[in-house]
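Below is a structure I'd like to ask you about.
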Amino acid sequence: MSLTDTSIKTSETALGRDDLAKLVARDIAPGSFVNLGIGQPTLVSNYLTEEQNITLHTENGMLGMGPEAKGDEIDEDLINAGKIPVTELPGASYFHHADSFAMMRGGHLDICVLGAFQVSVTGDLANWHTGAPGAIPAVGGAMDLATGAKDVFVMMTLLTREGASKIVDACTYPVTGVGCVTRVYTDRGVFLTGPEGVTVRETFGCTLEELQELIPVPLKAASA
Amino acid sequence: MSLTDTSIKTSETALGRDDLAKLVARDIAPGSFVNLGIGQPTLVSNYLTEEQNITLHTENGMLGMGPEAKGDEIDEDLINAGKIPVTELPGASYFHHADSFAMMRGGHLDICVLGAFQVSVTGDLANWHTGAPGAIPAVGGAMDLATGAKDVFVMMTLLTREGASKIVDACTYPVTGVGCVTRVYTDRGVFLTGPEGVTVRETFGCTLEELQELIPVPLKAASA
Amino acid sequence: MLNFVESVQEAVAGIKDGSTVMIGGFGNAGQPFELIDALLECGATELTVVNNNAGQGDQGLALLIKEGRVKKMICSFPRQSDSWHFDAKYKAGQIELELVPQGNLAERIRAAGAGIGGFFTPTGYGTMLAEGKETRFLDGKWQVFETPIHADVALIKALKADGKGNLVYRKTARNFGPIMAAAAKHTIVQVSDIVPTGVLDPENIVTPGIFVNSIVKVAGSGLGTSTTAGKAA
Amino acid sequence: MLNFVESVQEAVAGIKDGSTVMIGGFGNAGQPFELIDALLECGATELTVVNNNAGQGDQGLALLIKEGRVKKMICSFPRQSDSWHFDAKYKAGQIELELVPQGNLAERIRAAGAGIGGFFTPTGYGTMLAEGKETRFLDGKWQVFETPIHADVALIKALKADGKGNLVYRKTARNFGPIMAAAAKHTIVQVSDIVPTGVLDPENIVTPGIFVNSIVKVAGSGLGTSTTAGKAA
């Protein structure tokens, strides 16, 4: 491990949301069953190719979810977890809520992609609650998603609006799950998290050294 | 409570298996969902009337089971818990084993009718295992049935071949369930069991006094 | 016993003050709007309501909350952009909230219907929502003990019922319907169609009639593209 | 990843010595006879087998037991009039038996697939089969703690599969298939027919393809009236 290790990939500029979604989509293994969280992760579906043969799960009871419904396709009985009307692909299936979450919680989904407020060095996730006094807590399926999938990918900007790193030593927001995140995709780099700490796989528009200055936890470079 | 109470019904002779099945069938409330155990309880289905609108459950995954299949009706994929080919009635439904037992264990069946080796004064049931040394134990769905239905009826001869009462103070055979039997139908009488002890509802071919001589626990007569 | 009733009013008439009422639906899909309206009308109060959300806009569950009929909400996601009636009651300390991760909500409802007295699940371990709960290390993971959620009444929406009370649903409107039907002592279903017994294929029945007590046909309900009033985006 | 394989031999080829293998079926309904025959042929040994019974007659699971491939049976009803091979091994102390009430068997298998680390159930309380197990008074009843049954492999039989591995079953042959498919790390299915993706109605799929790994078409399998060899009364 060394900050001068050059085995990690770099690109010249920070990544926009769509480029990041493209990157996540590219990293999903063919044939995977995937749940995309509400918000930024939903963009990933735009970049999945037919050859990848990915099956999308929505926790309100469906496998084989297609793109967002438009115009005449809109059917009030066919929505995703974000309550957006969606479509059905050939080979889809419907099931009730307990079966749907059993599928998730039983470890049958390969990947779940989530947004986050913070991710800790050991993969703790905070994405459900700001902890602000008076805020009404709402969790939805966040804790089930964080715990259930074989791999949990996070997509987020590296920094808050105030410039603080969202990759942290320990979450200051209430956690959603403990040690559950395996990979973090940000506009400035891709990080692997887990018991071994944080490993940088790629950097975007910055060097590893510059990244280390932004992030208050030790970074390792991925070996080739 | 008095042995000379005359409010209970009596008939002149002991009941045969079919007459007993007729009696049980008559006592099942219209619209009930019922599971009939293997053996003697199966006879009850012969005496259920169409007006009663009873739905039969078989724990291998079906509601709306019809009579035993004959000749061309026989379908290897359609059997009851005793592995006998059966038929399907209009309005039937199929489900998997966990859903089927959840239905039973969740208290949704109104009545389950079982055979027994012994029933205790407080409604403990012994019907799965003789406890004989070397005997291979086999339980099937007996314990689930004993525990799950709203009412558990037992059908059996009152006496063993050796003349011992099967209604006992405490089961000497290994129990199937504790305090689960609510009613016992025998060739010599109908008994209600529970925390209050044994109450005689009907006698067949004997008086209550004669019955008391056969059974080693105190009997109460049902009040009118 | 299964009853086919003529109106949603008749269907909910027996709901008592203080009942625990499960209400199906996720978003608008599967929400039994007409039954909820009837529940509001019938006046039952001091209710504990189990639903994924805590009402939206100025309709259905949101109105029930606004009118002060709901003592406690058990849900996974009470905070939505248009859940202002819940927000107001919550901030005024006039409604109790039991916040449950959605999968725990589903599994706890399923447990009630299946006769399970409690179970361990990894969901929520190490979080605020597991504080004070028993934990145990099982199958290589820390898990949290959760208990069943029983109900007196379930109000759900299905697509079709037959004469035996067997139900089929439509697309993602299935969601909580089947498990709530099994968890409640008394299950009331609004359907868009009642078909003769024998028409539904026994292989395809989702909720067997054993879980159903009252059925009411609501015209236009369950058709996917809404034509009835009272549905928000 | 889902694979369509050409033969039952190929389907079971990866099963290792010492594996826990779930085998679907209740009586002959839903028994994957051809897959069991292939398992016998492939030579895997020291197996733990999960099935409702412990083999009947001189076929399938009974032969696997006779040939000494089964170290342990987890089942609810090992004693049948024609379960002589199990009887002999059991009496000789050459096979281990974990006897489980049928509903606990089903619920424990379901728990494994659903990520439940353990649960409390009233079934078996106060009986020999709950001896030494933790008990707790919940929902007004004494209940017994039961743990999930996981498996390396499930061998099951369904009626049809589509190109996504979605399955439908036939009548009471459904039985343990759906829960075993979810509980095993690797699920192998024999079907009588493979249909193009899109042919099965999404509302009627019983086992979604996410639970399926290998599919093999077996002619004549799953047709209800048996025409293949190796099936006893």
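Order of writing sets the labels: A, B, C and D. Residues in every chain begin at 1.
Rule of thumb we're sticking to: a contact is a pair of C-beta atoms (placed from the backbone, for glycine too) under 8 Å apart; a residue touches a chain by one contact, two chains touch by 3 or more.
Note that the coordinates shown come from a computational prediction; the quantities given were computed from them, not determined experimentally.
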{"item": "Chain C and chain B - chains in contact with each", "value": "D"}
{"item": "Result of counting contacting C-beta pairs for A-D and A-C, higher pair", "value": "A-C"}
{"item": "Averaged-CA centre spacing for the pair chain B and chain A, given as whole angstrom", "value": "56"}
{"item": "Between chain C and chain D, centroid-to-centroid distance (C-alpha), Å", "value": "34"}
{"item": "CA centroid of chain A to CA centroid of chain C, Å", "value": "30"}
{"item": "Gap in Å, rounded to a whole number, between the CA centres of chain D and chain A", "value": "35"}
{"item": "Chain A: positions in contact with at least two other chains", "value": "62, 88, 94-95, 102, 105, 148"}
{"item": "Sites on chain D at which at least two other chains make contact", "value": "107, 110, 114-116, 121-122, 169-171, 202-203"}
{"item": "Overall pattern in which the protein chains touch one another (line/ring/star/complete/other)", "value": "other"}
{"item": "Contact pairs between chains, per stated definition", "value": "A-C, A-D, B-C, B-D, C-D"}
{"item": "Contact footprint of chain A on chain C as seen in their complex", "value": "26-30, 76-80, 86-87, 90-91, 97, 99-107, 109-110, 121-129, 142, 169-179, 206, 222, 224-226, 231"}
{"item": "Complex contact set, residues of chain A against chain D", "value": "30-31, 33, 55, 57, 62-64, 88, 90-95, 102-103, 105-109, 148"}
{"item": "Residues of chain A touching chain C in the complex", "value": "58-62, 74-80, 83, 88, 94-98, 100-102, 104-105, 124, 129, 134-144, 147-148, 174-178"}
{"item": "Chain A-touching residues of chain D, taken from the complex the two chains share", "value": "1-2, 110, 112-116, 162-164, 166, 182, 197-198, 200, 202-203, 205, 208-211"}
{"item": "Chain C-facing residues of chain D, complex", "value": "107, 111, 114-122, 136, 138-139, 141, 143, 147-148, 150, 168-171, 201-204"}
